[in-house]
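Naming follows writing order (A, B, C, D, E and F), and every chain is counted from residue 1.
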Amino acid sequence: MKMPIYLQEPPEILITPEGVRTDGRGPHDLRPIKMTVGVLNRADGSAYVEWGGNRILAAVYGPREVHPKHLTLPDRALVRCRYNMAPFSTEERKRPGPDRRSIELSKVIREALLPAIFVDKYPGTVIDIFVEIIRSDAGTRCAGTTAASLALADAGIAMRGLVTALAVGRVGDWIVMDPNHDEDMYGDVDVPVAFLMEDKEITLLQLDGPLTEDEFNEALDLAMKGADLVYEMQKEALRRPYLVVERSVAGRES
Amino acid sequence: MKMPIYLQEPPEILITPEGVRTDGRGPHDLRPIKMTVGVLNRADGSAYVEWGGNRILAAVYGPREVHPKHLTLPDRALVRCRYNMAPFSTEERKRPGPDRRSIELSKVIREALLPAIFVDKYPGTVIDIFVEIIRSDAGTRCAGTTAASLALADAGIAMRGLVTALAVGRVGDWIVMDPNHDEDMYGDVDVPVAFLMEDKEITLLQLDGPLTEDEFNEALDLAMKGADLVYEMQKEALRRPYLVVERSVAGRES
Amino acid sequence: MKMPIYLQEPPEILITPEGVRTDGRGPHDLRPIKMTVGVLNRADGSAYVEWGGNRILAAVYGPREVHPKHLTLPDRALVRCRYNMAPFSTEERKRPGPDRRSIELSKVIREALLPAIFVDKYPGTVIDIFVEIIRSDAGTRCAGTTAASLALADAGIAMRGLVTALAVGRVGDWIVMDPNHDEDMYGDVDVPVAFLMEDKEITLLQLDGPLTEDEFNEALDLAMKGADLVYEMQKEALRRPYLVVERSVAGRES
Amino acid sequence: MGSQEEVSAASLLREYLRDLASRGERKDGRAMDEMRPIEIRSGLFTKGEGEAWLSLGDTQVLVGVKVDVGTPFPDTPNKGVLMTNTELLPIASPTFEPGPPNEDAVEMARLVDRAFRGSNAIDFEELVIKEGQLVYLVMVDMYALDHDGNLVDALELASLLALKRTNVPKVVVREDGGVTPSGDFFPLPVRETPISFSFAKIAGRLMLDPSLEEEVAADALMTMVVDSQGRVCSFQKRTGAFAPEEIKRALSIAREKWPQVAERLGLLEG
Amino acid sequence: MGSQEEVSAASLLREYLRDLASRGERKDGRAMDEMRPIEIRSGLFTKGEGEAWLSLGDTQVLVGVKVDVGTPFPDTPNKGVLMTNTELLPIASPTFEPGPPNEDAVEMARLVDRAFRGSNAIDFEELVIKEGQLVYLVMVDMYALDHDGNLVDALELASLLALKRTNVPKVVVREDGGVTPSGDFFPLPVRETPISFSFAKIAGRLMLDPSLEEEVAADALMTMVVDSQGRVCSFQKRTGAFAPEEIKRALSIAREKWPQVAERLGLLEG
Amino acid sequence: MGSQEEVSAASLLREYLRDLASRGERKDGRAMDEMRPIEIRSGLFTKGEGEAWLSLGDTQVLVGVKVDVGTPFPDTPNKGVLMTNTELLPIASPTFEPGPPNEDAVEMARLVDRAFRGSNAIDFEELVIKEGQLVYLVMVDMYALDHDGNLVDALELASLLALKRTNVPKVVVREDGGVTPSGDFFPLPVRETPISFSFAKIAGRLMLDPSLEEEVAADALMTMVVDSQGRVCSFQKRTGAFAPEEIKRALSIAREKWPQVAERLGLLEG
């Protein structure tokens, strides 16, 4: 029997009337981000991403033989994905093993990446994508999708283009970029989004409302702007594998 | 952590000296029964049965290919059965998933139906029988067997004849037909029985005693009488699929 | 909810200055041991061992076909082992099913026996070894390995020789043979060892320290001496299958 | 995996549906933004405190709501608890298998859960018996009975109805800490009417409430939940990819359809 | 599934047994209503509070009874708890696999459970330590060691014996709510002697205590439990179908055989 | 199982490594008793109270230590609790699969557990908050990230480092029995420095810190843990067989190497 020791108090105010957030960012700023590609030796492709307080490893194995065999798709690659949180990634230790949230996110991330992969090029094989959250700090599914997209590219998997993900949200009357831990816990609405950047199609969109139609449209537009910034970092990271690509992307400053 | 809120008190008396039961029936009366065949679109055969407060859906898929393949029987059909109680079928919510009782009843129902099925006609295939208890009110295994037998017939599976099941029991000195919830909980003996009606063979018989030899023989005879009534309803339901066949079968009135 | 009723108090002294132990043995004495080979009818080979308060059944099936097939090794036999404690083998009832300890011991025992088996002689097959602890009283992994080795021989599996296992330990300043339950619970160090007796190679060695280098070497030497005694009993048991081979092996008396 | 014939039959059907879609037509003759008929079966089917047996075309679902009493979550001591569970019963489809919920079932359960949370539909603070210690637990068990496509909307609608019909048994706390039903009931405080709308995209065309054949042939699927004020409370892109304009257009359609569905469910007040 | 040769060997054996049965004979020379020899192994084999290692012909089983202390079920606050568990150990048969109890193991465990409940054999009210709070939990773990047919009767007999031999450790309740053994024991109150009898039907003939070969060849199997007063306490048609007269005849045989088995177990009083 | 080509490539490699070994050489040029370089990555990687990301050659592991509060084991009411868990992440090797720990993962977790217990490294009595009721639970979660052999030493070293770095959050017990962090911390009392050394035997030669290729080609593997006083605290023969002299020799090497590794980890005190 264990008991919780980290019961948290919500902050008094999430955003000031001037738009200053609990971590000092403006409403349209991203948190600091670092990306490194090719961090693992065994995996066919890998990436490590730090995004705010998040720490995420993504790795890809494949195309390879399918086990168990009866899952083989004769005309295209099977794509599997596992999103997994480490026991030490949270304040209170998380029990190892899948729960309902991680089962859903595994599917959501797979479906975010699938439209980008030329699965027809690898019939009868499997591409396994692993997203390991080793430190969690709001927005892991988006940071994980972004990392996994890099790992796919690092593995040399043929793709229509990179997938770039980030969350936007509503805090009171503000539509904000890239919600932090406080905003994720006590904010009003969280909207994770992913784009296939080649044609700006949306491959991941979830929402835990409510948003008016206008707010919804504003949120999608803001997400697109943030994705452009993150996408540049992804491309840079792929140009310089094994080197850390690092930036604190603040809309105000750019 | 949840706590029970429906702890029930037993009734003061289960049966009066004149043989009146807690639901007003006489000792040899059945509860009201409704049967409908062909209620589901996807299943190869289906039936819906209301029996007293019980609500039961049975469905059959097959004969179809066996998965996993190594279970295939080269000379006959494999017959599988799953008896399952819905979480909302009981006063206190039932946790989803099999428990020891449902594992046993799945076997007992399968073995009650198996002697009726011409398994030799479908070598190398599987016939899957599903019994879903959506409202439970004493006698679910018998009502479920009766429903499953209809679903098999609705699926066009070749059979020696219908299987008809019902329980009898002992309450004090009375051998009673079709025990109700009170009698099931607080009565003395419950005897579920199923007959292959073509030749009056018994394909299900359980007992949670004690009964003297005479009582045991009386119980079997009473069960046979009840089965005759239920059997007529089954045949009628099959003659008019998609229509509700309904009757309150009271021995006193017939 | 169940609660423990057998919380035990440690004995006041585990060994006297003269080297007398809680069960009256001297430091280098074995507990009484009985071995019988061929105790089960179905198994291809079997053995029953009483060792102090331990009661252990070992059985071997194989070489036989591998299920599931994909585990088959084309050039040699697959060897599987399951170490299992009965719910009634301990003071407090043990929940059925594998736990971390039994998963580890299953591997440790398999690896203790594997070097003795001519696996090349049985390509594409499996040899299944089962060690059932029905009464546990310190040293079950060693008594189980010893029993399993007999069961393999009884099954006619080609082997380099018998595997003989026993534990030694440190209690205060004494290096003792075959620790008993008190010493296992409250002693300082437990060292289970197994030897492939043909060439005196060590196939099992664990240790839950600390031991100085000298103590470690002394422990290995003492284990070798004990193994010689147990080995003689094993050979005798195999010469007279179905008869009980029984001895209390005290170093002082021999 | 299916045999060669099944595979080519499936791809023929897909071609046919694409063809129809590109002309703005559907196999069952519906308009692109037309839902199948919704029927609510009357009767008593469960031992739930609330229930609904609903069909959407040939898709059938049954939802039962059980209300239990238990301890609140440590971080919300003054709130009742909502739990959702989806069972894709093997009776509903030849492809469903017995066992714990798979990823589709989990996604649907969580989607319905978010529909109610995202719309703040349930007043959880009214579900407290003793702050920090005893609250009502509302368990929504969703059963797929017959699968002809768009299970998720059917399950969400049936859940909404079942929750709106739920009567919570009032309990009194005994001295030993246990609880006893008082015999009184109060209606579960459901303050909003979040309604789920799913769309398939085939050959670049959006179609509302896809049938099973349309789901199988779809390039992309999405589900959104809209409340009485036209706000989007929950969203899930389920498969494939959508252009932002497609998503915005679908939201407009959903907002437009809301009153019609609410009325059909008997939930349109005033 | 076995090779072609195994299949035809099995069907040859089946034919042979049917042939014998139709002449009223059995392969091992027993009469149709004759049980195999029952042996009870002496010694100390477990850490149970009761135990029995029993063989029925070449079938061997081991039953251990553990007595624990715990809370009663909410609906029977003034009764102790009986739990049964069957493990079909992989050492007992080449067809048994490690893992949680399968349907056969569950059926046997529940059948033995009903044998004791149906005969009211155990006085559960004497197993209360503190009403509604603390009772004795009696756990019967049944191990199949060697399977040559009719495991269920062997397990039931061994369980009966083990329960009759069980000594319950008296406990005292400490101030902190925990319990400590007092050092005293009392015999588990087992008031009846329910005995299990299984029958196979081959070629229309009933045979008591079927061997493994007979079980495999049987058209139908049933098990009934009879008490000292000749009452049937538990019944389970396990496979196939029986005419009502066959069942009634089997019950007569079981009632007739009861004293002989009870005596063999040393449980025939006075 | 791998194709024919893979099998023969593997056996060619094995032959090559045996050949080298018999000449006292290794494929990567190391001496037989030479470890690969140990690197400790700096940064903040987890939400653990202690952590270490360590590489041993191309093998990488990450260990996080979480400290919780809970009840002690009934038989050690005055001691804190240590728990170890190993996850062989599927990112680390093409042969690792998602799922609960397999026998290799369990063996490693228990081996590391014994390393700390066997050396009495942690002062568990300092981890009691309220005797018999509340203690600190120290959970060591070991993640294999990249597998190039000898995971067990890498995991043990990283665990040692993570434990030495662990700061325990002091808690105060509230009136309701719950706990609240006081804001203060104290270092986990780790009193010893048990270091793990693994050896492979190839062609009769012992080699320290085997690479993945060497592990696969090895005839036998063993791991031992040595403390600052040169005592052996834990031992595990993992595969194959060793002569007693080989084991004694390996222990001498491990004792000799201890200071070098302790220094590399920054744990060699003045």
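Methods note: a contact is a pair of C-beta atoms (placed from the backbone, for glycine too) under 8 Å apart; a residue touches a chain by one contact, two chains touch by 3 or more.
In this text the structure is predicted, and so the values were computed from the model without any measurement.
Visitor: Enter the minimum step count from chain D to chain F; a value of 1 means the two chains touch.
Guide: Minimum step count, chain D to chain F: 2.
Visitor: With chain centres set to the mean of the C-alpha atoms, which chain is at the far end from chain A?
Guide: If we average the C-alpha coordinates per chain, E ends up farthest from chain A.
Visitor: Among the chains, which has its CA centre at the largest distance from chain C's?
Guide: So the chain farthest away from chain C turns out to be D.
Visitor: Could you grab the centroid distance between chain C and chain D? Build each centroid from C-alpha atoms only and quote it in angstrom.
Guide: About 57 Å, centre to centre.
Visitor: Which whole number of Å gives the spacing of the CA centres of chain E and chain F?
Guide: That gives a centre separation of 48 Å.
Visitor: Determine the centre-to-centre distance between chain B and chain D, using the mean Cα coordinates as centres, and give it in whole Å.
Guide: Taking the average C-alpha coordinate of chain B and of chain D, the gap between them is 31 Å.
Visitor: Show the residues in chain D shared as contacts by 2 or more other chains, in ascending order.
Guide: If we look for residues of chain D contacting two or more partner chains, we find none.
Visitor: Using the touch definition from the top, which residues of chain B touch two or more other chains?
Guide: If we look for residues of chain B contacting two or more partner chains, we find 4, 7, 70.
Visitor: Sort out for me which residues of chain A touch chain F in the complex.
Guide: Per the touch definition, chain A meets chain F at residues 1-7, 40-43, 46, 55, 57, 59, 61, 64, 82, 84, 86-93, 96-97, 128, 130, 132, 134-136.
Visitor: Which positions of chain F touch chain C when the two form their complex?
Guide: Residues of chain F touching chain C: 1, 74-75, 101, 103-104, 106-107, 109-110, 114, 117-120, 220, 222, 224-225, 227, 229-244, 247-248, 251-252, 255.
Visitor: Looking at the complex, which residues from chain B come into contact with chain E?
Guide: Against chain E, the touching part of chain B is residues 4, 7-8, 70, 72-74, 100-101, 103-104, 106-108, 111, 114-115, 189, 191, 196, 199-213, 216-217, 220, 224.
Visitor: In their complex, what parts of chain D are in touch with chain B?
Guide: 44-48, 51, 58, 60, 62, 64-66, 68-71, 85, 87, 89-94, 98, 100, 137, 139, 141, 143, 145-148, 169, 171, 178-181
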